[in-house]
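Take a look at these structures.
Across the two complexes that follow, chain A remains constant while its partner is chain B and subsequently chain C.
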Partner chain A sequence: MAETKDKIDPPVTLVEPIDMSRLDSSFRKEIQSMPDGNELNACFACSTCTAACPIANQWTYKPHQLIRMILLGMREEVLSSKEIWECLTCFQCQERCPQNVRVTDILFDCKNLAAEEGKVPDSIKGLAKELIEKGQLYVITADWEREDLDLEPEVPGMSTDEFREILKATRTGKIVGGE
Partner chain B sequence: MVTHPVLVIGAGVAGLTAAVELADSGVQTVLIERNSTVGGNALDLYKAFPTDDCFYCFEGNRWRPGIRKCFYRSALLDQPNLTLKINTTLKEVTGEPGKFKVVLSIGPRYVDPVKCIMCGICMEHSKAFSLISPQCQPQAVVYNPDKADEGVARAVEECPTKAIDIEAQPSEETINVSDIIVATGYHEMQPVNVDEYGYGRIPNVITQLELARMLDPNGITGGVLTRPSDGERVKSVLMIQCVGSRDEKYYPYCSKICCIFALKHANIIALERENVSVNIVYMDIRTYDRYERYYREAREAGVNFIRGRVQRVKPSENGGIEAIVYDSLLNRYLKFDTDLFVLSSALEAPKGSEEIIKALGLRESNGFVAPADLETEENVVVGDHVYACGTALGPAEVPESVTQARAVVSKILQSRM
Partner chain C sequence: MPTYNLYMGCSVPANYPNYEAATLKVAEALGMELIYMDGVGCCGSPNLRAIDYFGWLVVNARTLAIAEKNGHDIVTPCNGCFGSLKDVLYHLKHDKEDMKKVNDELKKYGLELKGNVRVRHVVEAMYTDIGIEAIKAKVTRPLDGVKIAVHYGCHILRPKDVTEINPENLDDLLRATGATVVEYPLWKQCCGATVLPVNEELAIRLAHDKLKSMKEAGAEFAMVICPACGNQLDLQQFGIKDTYGVEFNLPVLFYPQILALAMGMSEDEVGLEMNRVPADPILSHFVE
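The block that comes next holds the complex of A and B.
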């Protein structure tokens, strides 16, 4: 509050900043209220999660940045990111986090929220479709491995019909356009 | 047997502790204070870490009778071995270690603290009279001749106890002392030269100590956070750490306690004030000593931490402040519209400490008093029969200042055995 003589403002720059007032400050609370988000606020941005991540070198947003973005309220960018879907769920980040932030689980929460809003990448939709149609992602075939192990070519009693029905009624069904 | 008194320079946390404990141990002690009240910077704090309590209420002082908030008051009033001299500075030191001859300049005593009953009549008549703090000690109003107006004469006349003497003159006193304790404390840097923050140019840019005064229920706003520019309620606060600290242009050192007091203030705002958001821009958060919990609590309270620096600050159209911050974790720029921009400014050596260091022939480090022997761990020994404690030695927290003051007392008592 001390007074000094007038000074000239710093020069105008070409920076286009993110306007904090346009972000969704409730996003943090939304994630926090989800089953694994209660330790979200504990993040102090050490970036241990990113150091542990086997895939983050290919990502635009690293795991610690995704957590920062959640805390800042960058809902749109987080839920539309490809990164949350590319997570390998190896849980290395979560295991190593010094503040017990459940990073992997929080990325699951983000995926659930994104799916609720229909923001699911086509590759994931393809997998869901496969599940709904076949009841399994990898169809067991009569191949040489089974032969080598002296197993019958067909899995006895294998039926995915019921499972397909159940999946259709879940959010997996919703992803492919069911109700 | 040494009978000369001990001189303590500065009546802040460290000086008060040293003086009171020496006096309690039977040593004659003269405590001099440049200002009109004891308490130093801590007087302006609403809560002090690590107890979030009034600064002097640490374990070890609690045996003294009196209300919990002000143990030191009863010592200053009742302890016969302790002489407090306010508005007093060190003018000259001669003699030899153990037998110093000290000349003190004592400011005019316009208001007799023994007679003053703090009725407030003088303050009603003239702006020249004021009460620095309800916690002030001595408990008396203060007269500032620079603000003298036509009401002064009436104030003098109507003072029920005739405590005011506006003709009072400064004086000098020479005393012999055996030991000198330097407890001159710190000063919060006024960051007027750090252009990008606009301090001194934009009214809603303040320092942490100014924020502390604002948060104090005894302060001008009664603890309500308002914008200095227009008195509007504050809805968001942006803090910036390391202003002038760890900066070769100002002070190369870490001021050590700014992170914790910023976190303390952030927690008070986030947890005790309704609907005020807090953002802290930092380069590193260093919760020196055992105070990581403040950081954890702040994060849990929803305080936003942005690692990066401020690009520019300017007044916004709605009367607040628009700040553009570079977030180095995201590699993005963020624009904040905030009401208060709080600078965690460096702690520097106070005005006058250079003269004291010179007068006593002490070593100096970044303006603060340095230990006489850097090889030993006896930081408080700064010369022959000269000691220092608290922030006179550099930025320190309250418990550390108290511990150092007690170390000094222990050294002096041992030397007298």
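The block that comes next holds the complex of A and C.
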């Protein structure tokens, strides 16, 4: 029987206590200065984004927590998280946010910052390599299928040289070159 | 005759020539002139946006600038290409500094982007420029009201301020063929294509949930307008069978395939046999 004298466990919290010394207060400004970060400060932690997210249930850090972590300066945790890479880029969170925080776009910004530090999952690195080497993600292999349908064996007008040249000179080149 | 820059991307021609062929044939029948763009490459996909924002801006701005030069709107059959081109254009129109940086790069190719070009999904162009009535007038053997669930795809619906697409227009396009549009709870949900490279198990789960939702709502077929979504909902039914032991057996067709058939074209003309889950059951639904 429950007695008032029973010992009460500490309350269950969603996140581990935050180590203040590891916070990076410039992270918030960094994201804010990126393409879609202007509205970041408007987040009032309602978790609507998380409610809209089809995969938050299997994430340690939910979308609203990721936004909060950015605001707090938990740079290392956010940029090393698997969540930013698993994001489907489905924009459901962003569509529902009552404060117009561009949640999905901000996660794209985080991925770019992670990539700048070389933190890119191997499978994505592999795709980057394909882009530099082949100049496209998918290459035609079954041209007979195309010919059966009266299509040219190769896509008319397709050219990959400029694409490869551009990406070799930008961060993709750096990511692939650093293999 | 309305004339367009046709931006095919790399996924449709490599993986779904049936979608490409059906699109060309339907456009021709509707009096739309689609001209393959010259000298353009891949859009890079959301994966490129994730790792190399600036590179993604430049490669897509290059495509936009080529289209701008010849003055026609860009149309594409791929939601991924649509999303990339639309997003880049939206960003550059709102960010003068990036527009300048990107144009400095484009100068090397003798190009300049002003931002006047319009980017459209090819089916939206059918809806807006040709119109439902004119499309209906071309339907010679309508479907018998068979229940079809529409998977719109994330990058055509969202973010809405960027994509400017109304999902109801796609419903109207499908209804013009005589089909009944099935409402289902997970209509907004992602097919899982983007996460495939980093977490296949999760991608399969998402495709599974989506198909289950369609099926439970009574859908006999699914309609898509994107090669990546097509891949996840059609081909992935085999992955779902391996993982969950569930066989949905839900044929998935690209909108132009459905329309072409309703216009009286043959199954060979739209490459129906290339659809991974056999889609020929649709043929029994056309009222001759």
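Here is the rule we use: the second predicted complex is superposed on the first by the 152 of 179 C-alpha atoms of A that agree within 3 Å, B and C clash if a C-alpha of one lies under 4 Å from a C-alpha of the other, contacts with A are read in each partner's own complex, and residues count from 1 in each chain.
Criterion: a contact is a pair of C-beta atoms (placed from the backbone, for glycine too) under 8 Å apart; a residue touches a chain by one contact, two chains touch by 3 or more.
Keep in mind it's a predicted model, so treat the numbers as computed, not measured.
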item	value
Partner chain in contact with A:37 - chain B first, chain C second, else both or neither	neither
Greater chain A contact set [chain C / chain B]	C
Partner chain in contact with A:71 - chain B first, chain C second, else both or neither	first
First (chain B), second (chain C), both or neither touched by A:28	first
Touching partner for A:45 - first (chain B), second (chain C), both, neither	first
Touching partner for A:63 - first (chain B), second (chain C), both, neither	neither
Partner chain(s) touched by A:128 [first = chain B, second = chain C, both, neither]	second
Touching partner for A:18 - first (chain B), second (chain C), both, neither	first
Contacts on chain A seen with chain B and repeated with chain C across the two complexes	none
In the complex with chain A, residue positions of chain B that touch it	190, 192, 195-196, 198-201, 203, 206, 210, 228, 277, 285, 295-296, 299-300, 302, 304-307, 311-312, 314, 324-325, 327, 329-330, 332-337
Contacting residues of chain A [partner chain C, same complex]	35, 54-55, 58, 82, 85-92, 94-95, 102, 104-105, 108-109, 111-112, 115, 120-121, 123-124, 126-128, 131, 135-142, 145-146, 148-151, 155-160, 162-164, 166-167, 170-172, 175
Of all residues in chain A, those that touch chain B in their complex	1-4, 6-7, 9-10, 13, 15-21, 25, 28, 41-45, 47, 64-65, 68-69, 71-72
Chain C to chain A touching residues, read off their complex	8, 10-11, 13-15, 17-18, 20-21, 24, 36-42, 44-55, 58-59, 62, 91, 95, 98, 105, 109, 154-155, 157-160, 188-190, 192, 194-195, 197-199, 202, 206, 209, 269, 271, 274
